[in-house]
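Below, each structure is written out as structure tokens.
Next come two complexes built around subunit A: one with subunit B, the other with subunit C.
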Partner chain A sequence: MQWKIRMLLAQQIVNGLSIGLNYALIALGLTLVFGVLHVINFGHGQVVMIGALAALYAAELLNLPYVLTLPVAAAAAGLLGVVLHLAAVRPVVRRRDGHQDVLLTTFAAGLLIHEAVLASRGPAPARFDGIPGVLHVGPLMLTNQRLFIIIVAGLTLLALLYLIRMTRFGNELRALAENEFAARAVGIDTGKVILVTFAMSAAIGGLGGALLAPLSAFSPNIGQGALMTAFVIVVAAGLGSVWGTVAFAALYGILESVLSLTFDQGMASATVSGLMLLILIARPNGLFGKA
Partner chain B sequence: MLEVEGLEVSYRGNCAVDGISLSIAAGEVVALIGANGAGKSSVLKALMGLVPAASKRLDLDGSPIAGLPTRRRIQGGLALSPEGRAVFPRMSVDENLSLGRPGGGHEEDRNAIRRMFPRLSERATQAAGTLSGGEQQMLAIGRALMARPRLLLLDEPTLGLAPVIVQEIGRIIDEVRAAGTAVLVAEQNALAALGWANRAYVLTNGSVTMQGDAADLIDNEEVRRAYLGV
Partner chain C sequence: MKTFIKKTLAATVAALALSGAAQAQDALKIGLVAPIKTIGGEEFQRGADLAAEMINEAGGVGGSPIELIAYDDGYEPAQAVSAGRRLFSEDGVKLIVGGYNSAVAVALLQVVQQNQGVMIAAPAIHPDITKYERGFRTNFTLAQNVLALRQFVDAVDPEARIAIIAENGDYGRLVSGLLEKEFGDQVVESDLYEIMAQTDFSSIATRIKEQNPTLVAGVWGATEQGAAMMRAIREAGIDATLFPMPGNLTPQLIGLASDTMEGAYSADIWDASLQNDANVAFVEAFKAKFGETPGKLSFLGYEAVDLMAHAVTVAGSADDTDAIAAALRDGEFETPRGTLDFVDNQATANGNRLVEVVNVNGTIQAR
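Our next item is the complex of A and B:
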């Protein structure tokens, strides 16, 4: 292969890893909620959008530097996650067929959020500045924002994996995901674990939104795309698998970036989704799910 | 230590436990025997606060526990080893054990459990789902013991297990009692349960139809015909 093409490929792999880790933050929110409740939170995409919007307002109205808008994004989204849980999930999930209802109520809550944002500021995209500048490593060129995403998303994922595998809360979360009755029998406060999981999932989703937006721009419509990408990733990875989600999100980002060398962005995403579909046909429980 | 009067459990209007009364003294082993669907598990779950229940009286050591969340009942001295083992299959043996105590298990308790169940101690880091049925039952009992209960509730501990393991469970119950913990064991295997117990209640369609010393019940004609198959 020609040297130039190889460099281009290496660059797209790094770019893809960056966006893949960002997808992982967003997709893990779906995975964790699925783990404890066995439902897909179809409002998650709009939570991601609200995270980005909160960061945008924090920058515009409070003049906060970009880095400091990230905690604001996570907090706003986390709060919204709690509201979403209390308003759209908890009241219906224990009902007969409650799990199906939750798909609808979270979707409806998402629509409501989306419409509210459209009504208040219109559909026009807004410029969203992240970390400026470009890093040159030899012939490779990496924007500082993408580098920043790798660092922040990477650290957040590590912290999250630590929380899940090594702490009491993580043990309770995994116990609840594996056997709800046994979890209640050993005295785990399952309602609290579910609420915290919702808040945490929303917070990392909001962080993901605020990290992702500078790569293009803020638009009230970024939630739908984020949800679709996250959904494809968690389903293909095997619902509920944390490691699978991270690995698959990285793979998704890299494939998408590499394919965008020859296809346009939309075609690249569609191709990756198609590949994921093939995986599901071959392994109906996902690549990392139990066979 | 446990006083129960008029305990009722119903599921969507279907009555599963119909106003039963029972009492358990400290250090006693009591069996709750009955056929499939008699309501044994419902009684144990109601004592733990795991199903909605009504009662005239539900006292642990003289204080009412009705309405308390499960965690508080565990802190008050109850612990349940559920029917069908119900371990956390993808978590390790040690992680399962530490979940037995709200707020986290203590190392010394875990060591005590390991001494009691040497086979678990050899498999501390193994995923619980890869244990044999007997080992999973031991783990479920060990996990309940991690809470240092004063009354241990065992739901169908012999279900699907070989006779040697059933004997092993008898040994464990003796050991638990010797350490001062009372045991309430729900069993379809009436012969085994009556062999372990001081006293027993016979549950039929949600009501207590017989009760008394285990030794007397073993000799009782009706019990022999209905539950011992002789």
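Our next item is the complex of A and C:
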């Protein structure tokens, strides 16, 4: 019996890890933008949706195999990120109260994108097949799509680590996150760094959307739920903390999955949200945020 | 020359305005209030549009073409109330079809009652709807819903170990509660999931697998979540019979969940394979217009507009809503489901028809 419970627990941890890492990719987009510009991009959910939609179209119209639709998703979402920045962030962020205005402008831009997709292709969800098959390891099982999510998320995070720690752009990004005035003073083109960060955040979010869609189906509403989960994760982890976001997203997925062994799904989510409330009371800047 | 062009333009505009006014006067206006930006709402609207189109092609209602005026309720009672007020005060509508969701339907019915209109709340299942003298319901009753599974279990698997998975809302909780009561100890697992917010069903599937069920009954409103759930069940290695509850086994579900649904059963008051004249005409026209087999919600939208048109014909007036309500209450109608009449404003049905998914092309056949 003990063995059976341990296996059940292990199964839920694996399930939770895969969905948690998928959340991490989506949440990273929010936290990277917050890190350099100290604003929340409420249009990010629709960027995630456009990534999934671009991958779906690449598979349907260009007959690309699923793996090759992922770069298309990242490129389309990255491009949208640039447009979002130029249209909804840059014109208002330097104003007085500009940071609050960005919440509204990005939300409005997201709404426009969502309505445009609804108007052009309707609300119907679409089947989107990822990597087929199931992997069995002893009594544990994991669909190949979930395994693929773990691998792609892991590789993306390593690439991001390299970019932030080992490249000139990473140095500039960190300098900007630390102090924008000082970064400008030493000759960093902060406008360019911000634009590239927006594009990169959106590309990672779009990739997250393309990985998430095969777990259920593509739906024009896929970004709304994803944004809410990502927002909760970045706030509880500590806004701007990249590694905190990844760690907390994985923890979030595992915790929700394991708790659902005892509670129904709604109660499991409510329990995780309750824990987050306690975290924010004890640590107002989040679990991994700077005090 | 300029004056001539101006005069011509003015005359054209005036003529267009007059013809528009004449058309508006002639048309039989029917309001449609549903969450039309969702897949279910869109399905409902497609059926309603088709009914209006077919009636208009056949000469309209007493010579008047039907004009459908649609508003989105976004699943929100407040939005539905606002749409209802607009229909009555601005659009001059007295007849409404809709009621995709029970809470929305009840809120909208308050407006219908106050404005002396008539409403057919087709998909909603809450019993309170028929307490309003001007509210009519055409979907199955809760008792029929539970009976559908009871008949299947008794016939196919009397010792079934049943797992229930339902959306965490009024509808899901109501149906899963009734199923638990009906089947008692045979229910080995009962889970709720979050409407629209949940995309990952692997945890629930793992829980269900532990109970080794022989039958999994599903209750959902959002087709995409139902499909994801059914796929997760199979991916977890559960080979139990899948039984989406009445209204849930649709061509769209099969399209999304694909081979997962092969061999699944359900039962309902209507299915596309019914061979009566009205249903054959509806299904063929739907396929010709939309290129696919209609689902239950399209049927309900189609039937609601068709019923309203018949009631207006019997009443002999589009303005006398007392007579239209009486015509619905007292009449007998041939619809795609067969012969229908209303008892205490609730449509009687022919009983449940058991259906099976026979292949992944979406063929659902009566058994």
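Keep in mind that, in the parts below, the second predicted complex is superposed on the first by the 283 of 291 C-alpha atoms of A that agree within 3 Å, B and C clash if a C-alpha of one lies under 4 Å from a C-alpha of the other, contacts with A are read in each partner's own complex, and residues count from 1 in each chain.
Basically, a contact is a pair of C-beta atoms (placed from the backbone, for glycine too) under 8 Å apart; a residue touches a chain by one contact, two chains touch by 3 or more.
The model shown is predicted, which means the values in this text are computed figures rather than measured ones.
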Put the two structures on top of each other at subunit A: do subunit B and subunit C fit, or clash? fit
Quick one: classify A:134 as touching subunit B (first), subunit C (second), both or neither. second
Regarding the shared-chain residue A:179, is it in contact with subunit B (first), subunit C (second), both, or neither? first
Touching A:147 in the superposition: subunit B (first), subunit C (second), both, neither? neither
Have a look at where A:261 lands relative to subunit B and subunit C in the superposition and call it first, second, both or neither. second
Give the label of whichever partner, subunit B or subunit C, reaches more residues of subunit A. C
Using the superposition on chain A described above, determine whether A:212 touches subunit B (first), subunit C (second), both, or neither. second
In the superposed arrangement, does A:168 touch subunit B (first), subunit C (second), both or neither? first
For A:189, using the defined touch cut-off, is the partner it touches subunit B, subunit C, both, or neither? Pick first, second, both or neither. first
Looking at A:19, would you say it contacts subunit B, subunit C, both, or neither? Reply first, second, both or neither. second
Compute the least Cα distance separating subunit B from subunit C in the superposition and give it as a whole number of Å. 37
Residues of subunit A defined as touching subunit C within the complex: 8, 11-12, 15-16, 19, 118, 122-127, 134, 141, 143, 146, 212, 215-217, 219, 221-222, 224-226, 228-229, 256-257, 260-261, 264-266, 268-269
In the complex, the residues of subunit A that touch subunit B are 168, 171-172, 174-175, 178-179, 181-189
Could you please specify the touching residues of subunit B with respect to subunit A in the complex? 48, 50, 69-71, 73-75, 80, 82, 86-91, 95, 98-100, 102-104, 143, 147
For a test of understanding, state which residues of subunit C touch subunit A in their complex under the given definition. 37-39, 41-42, 168, 191-194, 196-204, 206-207, 210, 223-225, 227-228, 235-237, 252, 255-258
